[in-house]
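Shared between the two complexes below is subunit A, which has subunit B as its partner in the first and subunit C in the second.
And then the complex of A and B:
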């Protein structure tokens, strides 16, 4: 809003018939008539934005083993060697976990298996999914299955199994060959890239292009190379990328000099990459940046979004939860990483010792969630970007020492603010081609790009 | 395929011969010594088809109430209205004889193969429970007919009434609600009553019961400027609507009376219309443009244009006789014969304009 209009508005000098006033009235920001029906409309929209709460816990991450055959430089899960013992889930624990998963009132349940390298304990992976399918005959929920894997142990039998049980594959691709090999070497070879490439093709053969998705993790070596990383993704036929920054947890903290970087460096690279991706789309190729799309959904649509790490109230346990190989339950993946370093602050309990209610209706959880709403957190409560952002108490605790956190020095806050500002700048351009790209991403409609192209 | 019918329930259309048993006779020529009401020397009798329903007035006027072959059949449920829209083509009455018994009869006579039936007025919800009766009758005797109810939704502010309509469980009912502005300031000025928030509550209540809702926007001088803001308002607040229609104004009735305040050449609001339509289309909403001539629209908008004008008032003008896309064009209202865009121009068999139409979504 032009400053002159704003000044007149706050001094009650604006006419309620002016466009500037009518625009704000249409958005329910001001009114010159009875506020009750306006508040009514706002409450409908507010309820819609918070409807992710209706489902309660829908994302359930399960860790069947800590054993891993990779040697990723920034690993945060305190992985063990492939032959290690004492870090695998047993059937009794797996059964208890799946029983608890189905205690969630959510009609949508996503079971995401991670590790270590999950496929090192494929028997347990199968057991978990099959027991879940069995229970679902009675529970009749909408189920989604995902396995996170480095693809090294994939073979046709496993893929046939995945296809039969509608299991999606999520994998990691950090970039072009040298970069990927540098970040994510395997324990028995330096050329993890070649193994990845051929196994990806095998996956696609059985599961189709959409059956496999990839995400990248940014290490120090990735900086300055985002364009090449994006080109690599396109080369491999991926239609989306999630430009993820490193969480300073787990092993990564110990290797900070080696792989770490500041938020400013990340942001510089991210913004440049986003502009590059936008250019790719404007030239007619559909390719989505997923973290930007999340923010765009929050800014441009009236709907709720399900990203557990950035919700208000925080999604810890009430949106997404993680069950470790030993039956310990944590409020988030980051919380599990903290525990592996010796800090059990966010341990909810163990599946063998506590009931569903004791785990999910505990005083501990109530306090944690109750302290994690941007609507009243310091600085967040006054922030113009409040409705696009969220709280991450575990990160606050890990980076700054307490779950409330201090926004003035928070890298997490700086990152979100910068990305949101940049997106708002692009939206404000009101360029019809950029708008079409954003909407193509938001609604997953590549065809919209073709319409934009035709009109050019 | 013969169906057994009772002659006493039917009118016979005949050249000149009289036959016994029919309720009335309609003829192109003369018929002597008829024992039932007879109307002679009717022109355009050839336009009537088997299954059509006509009403014969005492003065011999024959009104066609229903055409079995037409996709544009409409039932006038009432001429009373609780709005006073400045561009209303159907002037309202304060009091009237209840049309429901006649309408129920019409429904019972209609061909079961009727694809769609409009329910309009005035304001249909003023019938209260009788509207429910009408809908139930349609569901029972015309189960395969899609219904399109036009209403300002004000009465649906009452949740119980919205529930009554929903409880009918009609298999194919679309409820179309007009919205003329993104604020009460703009909308109420046009509908002549303080009903903006009531209509909105009505929309919410219908959505609560998962009814299929459409929004209609008639465009004229008083509201074209803020059409893009209205489009955004619709998306942000009613993303659940099934369809949005932007409509060219019919310059008859009150619209003709208020023409100074309302008339704008539709060509002159194309920029605002394009912004509004594009923004809704980008947001994956279902959009159409009604009552608009293809030549008036920018090429990129033509795929949204629908042939929406009821056949009985649908005309084309001289300029249209050589137009290559006349078949796909909505044409004009009868009342637009003397008042329409100055940009009407026949399209030659020009590739670009014709090709774009074959890509209709």
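And then the complex of A and C:
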């Protein structure tokens, strides 16, 4: 809206017959009639945005072992050696966990195996999935399985099993060979990249291209190399990337000087990378930046988005939860990482000692959720970007010592505001080619991407 | 405006108006600094609180008082927002847990 129109609007000088007023009236921002039906419409919009609350916990992360054969510099879970003992899940705990998972009222259940390196306890992984499949004969939920793995222990037998049970694979690719090896060496070799590359091909042979996805983690060494990282993802046939910053937990916090960086550095790299990805799309190749897409969906559509790390109220426990090898249940993976550093603030309880209701309908959780809505947080409550953003009480606590947090010094807030501002700037250009790229991302429809060669 | 005075024993006394800050906000803020300084809060009849700060460690007292004043604004705001949004918050929490409680 032109600033002159805005000034006239807020000074009640705009006529209800003007186009500027009528546009806003169509969006229920102003009205010159009975406000009751307008409020009803706004209520529907608000309920739609919050409809992720209808389902309760759908993402259940399970950690069958803390043992790992990787030696990642920024490990956030404070892994144990492959030969370590006392950090593997037993069948009794696994059964109890799966029983609890199916207590969730959600019609959609995703069981995501994490670690450590999950395949070091593959027998337990199989047990968890097979028991879940058996229970689901009676529960009849929409069930999905994911295994997070570094791919080093993948073989044809495991992949055959994955294919039979419709299991997706999520792995890590930090970038080109030198960078990936620097960030993610294995315990017995620095060259994890070659193993990754060869086993990725094997995975695709059995599971297809869409059966494997990859995530990257940005370390200090990654900064200045986002273009090369993106090119590496394209080279390996991935059609998306999630440019995410380092979480302040585990070794990442302990070795911050070595692997960490400030939010300004990350943002500078992110904006440049996003522009590069847009250029790739405008040149005809569909390639998605996933965090931008999440924000775009919130800005351009009325629909709810289920991203547990950026919701209001926070998705902690009520959308995603994690069960550790010992049966401890945490509100999020980041909460588990805090616990691995000795802080059990976000421990919900243990599956052997508490019932489903005691774990998921506790006063602790009610309080946590009640203090994690952006509508009720200082600064967030007045923020123009409120409906696009979310709260992360675990991160607030980790970085600022308090689950409510202080937006004036919050790197999380700065990051989200900067990215949202940049996207709004791009939307405001009203460039039909960029708009097409955005809608192709939002709708997951590469075929929408019919654009002429264009340089940004 | 807050008033900061130095006492003969080296402690600092911060005067905060009751028109701006509630007792709860002052106490909640004071609690956060009890690891750094000794704090004493007194409720004065003239419409203000006086908060005495005595050093516990090596932090410059003026620095602590400055941070205290900033944190007090934050705490007061939290109290206000919590009061203003109580009904909506209760609705959202009820909605979030409704399906579990069925």
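In this text, the second predicted complex is superposed on the first by the 450 of 456 C-alpha atoms of A that agree within 3 Å, B and C clash if a C-alpha of one lies under 4 Å from a C-alpha of the other, contacts with A are read in each partner's own complex, and residues count from 1 in each chain.
Here, a residue touches a chain if its C-beta (ideal position, glycine included) is under 8 Å from a C-beta of that chain, and two chains touch if they have at least 3 such contacts.
Please read all numbers here as calculations on a predicted model, not as lab measurements.
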| item | value |
| --- | --- |
| Subunit A as common anchor, with subunit B and subunit C clashing or fitting | fit |
| Touched partner set for A:360, first subunit B, second subunit C, both or neither | second |
| Angle, in degrees and to the nearest 10, that opens at subunit A between the C-alpha centres of subunit B and subunit C | 110 |
| First (subunit B), second (subunit C), both or neither touched by A:16 | first |
| Contacts of A:25 with subunit B and subunit C, given as first, second, both or neither | first |
| Which superposed partner A:404 touches (first subunit B, second subunit C, both, neither) | second |
| Which of subunit B and subunit C A:302 touches, first, second, both or neither | first |
| Touched partner set for A:381, first subunit B, second subunit C, both or neither | second |
| Touched partner set for A:436, first subunit B, second subunit C, both or neither | first |
| Minimum distance between Cα atoms of subunit B and subunit C in the superposition (Å) | 20 |
| Subunit B - residues contacting subunit A, complex | 182-186, 197, 200-201, 204, 226, 229, 232-233, 235-237, 239, 278-279, 282-284, 300 |
| For the subunit C and subunit A complex, residues of the former touching the latter | 74, 77-78, 81-82, 85, 88-89, 92-93, 95-97, 99-102 |
| Subunit A residues touching subunit C - in the complex, by the definition given at the top | 50, 53-56, 105, 313, 318, 357, 360-361, 365-366, 369-370, 373, 375-378, 381, 404, 406 |
| In the complex with subunit B, residue positions of subunit A that touch it | 16-17, 19, 22-23, 25-27, 32-33, 37, 40-41, 44-45, 301-303, 432, 435-436, 439, 443, 445, 448, 455 |
